[in-house]
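A, B, C and D label the chains in the order they appear, each numbered from 1.
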């Protein structure tokens, strides 16, 4: 069993059942006794419990899920979804940014360019990956790879998983704002299909800097927001502790994204969240990627670009008054 | 009179006459005596002496002239040649490099983009300008400005005056080689006329990084070389002191450039070098710029690009054996 | 340049729009400069384009005053004034806030877009007003920016965007964030069409607006001393940023790091814009311009 | 891929060219690794592609061996072998030097260009040989590189350039320097034509070759440990560079600073190239390839 800091509050009853099941399995393995039925019954109970709990998760619970320390990160999916991933490094200007990874890969027989933010699993990797907060060089590397994909007519897949872009002194010095802006401008007219998937945290400008695509998907328990819920609460109510309310107001969940008309498809996660069955989560995601990529590859480029422009052109709300 | 370190050895006889003339002028100004004829005679003598001396300058002498501490630098010419020079800064990536300057300007009624390396006159400015050795950010700024010129169909004027590109740790870290290479590649297909003038030192890769143009001019007493003569001597004879011979072998002078077929026009300097009459030097250069720009503006862009490609495509020597 | 046909009815309506939102100075005859503490007479300050004549401190300028300071003798016609704000998240505190900013400024939203004349050239302008909800970008700002750019493409006019913004209006949520993508996509169209695009950064130029159409100009000029960066001040402090240079996220910092072309004092802004516009486009029949 | 018509007469002639310049190992049975001092048997070393099997030190590989290590079973045809070197500066020490390098290596010039097959694909290759005059680029190298690129454009083939060079051949003077412009201009044409262009940096990748066609690949991969930068070692020392990181101008330095895609050990080079080529181009009729 994982240590308790790896378990969210609402997961605790599930974890208890998990532990009971594991305990019985351990005992029967030692004694040779057959308690298959007991185990099955407990597993059914547990799955029903998970369904119950997950049917009632708040936007804030989803926020915690999206940041779950056991949640699969970009490279976990990459390993399962792609064959032959060959990482490519560097922005050709300043550095290689480990918070943004990318490279060529094959999705079954399809040659694709992959780009995504990478968080770190342990303390050391978190430091190395800067917690998934990319610097200007990360966004510039991503753009470089996307331009290569464009040259060779290969689709681009972007995985979004970042709390925010890096805003430390170095990032501001090297123009983090300009890097994000430039990426969106170039992606708007990139002459090849682009599929974006928010797999965990879709954090503000840090996310949108690689998220202007023909299709924007969200994993079921990921979030996508203009600002972290805590930040919203701090600005709106001067009370960062009201993040729960902020998450609700902003509709940060995948259903929220669908409801607001900004997300094309929500990719189902295994019962209890992607971290309970990484392999199944990856297979679901792969199926979705294949479907969207294959659809997009059929679309002539001018039509693709026109549709992409109109898609983002149409986002945001306003009304037109008669005057 | 300038302090003696500002006078080259072969300039000393000239400087002596200059001093005599100045002395007489000073005396007559005090006494009211009319010695106009004496002065004229001395000036004629001096000019004949200059002609004699300059008729016999070696390639090494020309190297010293090109590096003359009193030689006009890029911004000296800019002030005289252009109206309304508006400097534009920065590479949009990392920094503004004071060793490479540029901006929009008007050449009489013509709107042009100007780019050039800038040395420093005094110790403080030399440090600030890094002795005219640009860093990657300098080359990237230059390219950014050239791409703006392309967008708005304005001709580009590049002034070359650099001992070499910067090769310190930071420059290597930020990819000085790639920056120079990228500039040449982009300049080869830049859809607007480009006129290059070597005004002082045309130092190797540092020079060619802004020197791929439709016309390449040299000021009469400038040099253009693959390596400083001292460096040539160090490599070829393991004796950096033989720079004089290196300058000769490499044909670093403007006549050398013409002879090798790599320079389109040598722009005459005032008698004794540009530093003896900056204003006249600038006027000569301006006339040459106007002529070439106006010629190039008449050429349709596809023809311009084709001619430019063939020009550099044709450089370098080889023979074809029958086999 | 011959005036475009749509430009006939400009003068009065435009002036009315522009005047609506002139930001009032504090009551009384004088103001204390927040930078050098000099006592400045309001009349003098207005004459000096709200720049302290002692230390050069640039007060934040409202959109209407900004437009007046840039266009030829009031030659400005607003466009898309009929676009109205929508509470896209159906957040019950949104509309009261909106009402408050409207009351405070007399403006309907944080940006004014339209066509103005500068030295006889027709130019599409977009001017954010920091006094309206910190110049935040939501659906109306995004749509006005994009329509302005599309109008510029259709009519082959240069675009000048004045930035004065704390970023995206967070109470518009993810649709607000998408204004970054939307306006950046429109910038791509501008560049494809070869339209000149000049960005003028003014105090504050931050976050989602800077990180979208505020960073995508052919030319980027900046007023002195302003604050510019990806985060709002507050957030940067929370993040406990270390080794901060003195001029961190000031105009001078951005210049030194290569992100802006020039720092231009307010009084030189119009002449500089005229030079840049002249570089971008011929103006053969200047004398025909209205 | 159906073999191109010109590709019929490849095998023997090519092999002959390639074999001419195989660099000899020192006399005797063994060699001492310059990095770890291990005693390496020459036979083993050759089998291991001249990589120390203890510390991974990559010996400099000659052009012929390099080609053999990359193409399918000797499938390589040299092109432009008839281009001959010219003493462009009429420098009396040039031809003796040239003769010396020719004698030493059995090569005519510092680069071999031609068409090879890699995993059944026809690819244009250019391979510098550091053993010939430090792989310096003069008129013949520049012309061969440009002709190879032009050939690739005409025949829609990918280009792979192996760099191993101290820079421009200074005894070719300004015409030598112009090879930087010439080859970079050819790279512009490559990119315009959408031709895949892969650069492989090997020891040494320096100066004018790195700062021209050596930095302009779509993909740039590098052997481990090599020296790469704008100046030759000697010059950097003269310039008294300070605060030098341990890996200054090594492959790992270039990777960390964002200038190369991957460091690839010699044994993985061909598989990596195959993957990159597959990304760039479909290979629908692979089975038809010779």
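To be clear about the criterion, a residue touches a chain if its C-beta (ideal position, glycine included) is under 8 Å from a C-beta of that chain, and two chains touch if they have at least 3 such contacts.
For clarity, every value in this text was computed on a predicted model and none was experimentally measured.
Chain geometry summary: the mean Cα position of subunit B and that of subunit C are 41 Å apart. For this pair, subunit A with subunit B, the centres built from the Cα atoms lie 54 Å apart. Note on chain placement: the centre of subunit A and the centre of subunit C lie 34 Å apart, centres being C-alpha means. Residue positions of subunit A with contacts to 2 or more other chains are 92-94, 173-175, 178. Each of residues 191, 257-259 in subunit C touches at least two other chains.
Because contacts link the chains in a way that matches no line, ring, star or complete pattern, their graph is best described as other.
Inter-chain contacts occur between A-B, A-C, A-D, B-C, B-D.
Residues of subunit B touching subunit D in their complex: 165, 167-169, 171-178, 180-182, 184-186, 188-189, 204-205, 207-209, 211-212, 224-227, 231-232, 234-236, 249-252, 256-257, 260, 262, 308-309, 312-313, 315-323.
If you check the complex, the residues on subunit C that touch subunit B are 191, 194, 196, 218-219, 255-262, 272, 275-276, 278-281. Taken together, the subunit D residues at the contact with subunit B in this complex read 81-86, 88-89, 91, 93, 138-140, 142-143, 146, 168, 170-182, 184-189, 191-192, 207-208, 210-216, 229-231, 234-236, 239, 241-245, 248-249, 253, 257-259. Contact residues of subunit A toward subunit B in the complex are 92-94, 136, 140, 173-175, 178. Taken together, the subunit B residues at the contact with subunit C in this complex read 84, 86-96, 104, 111, 113, 137, 141, 148, 151-152, 154.
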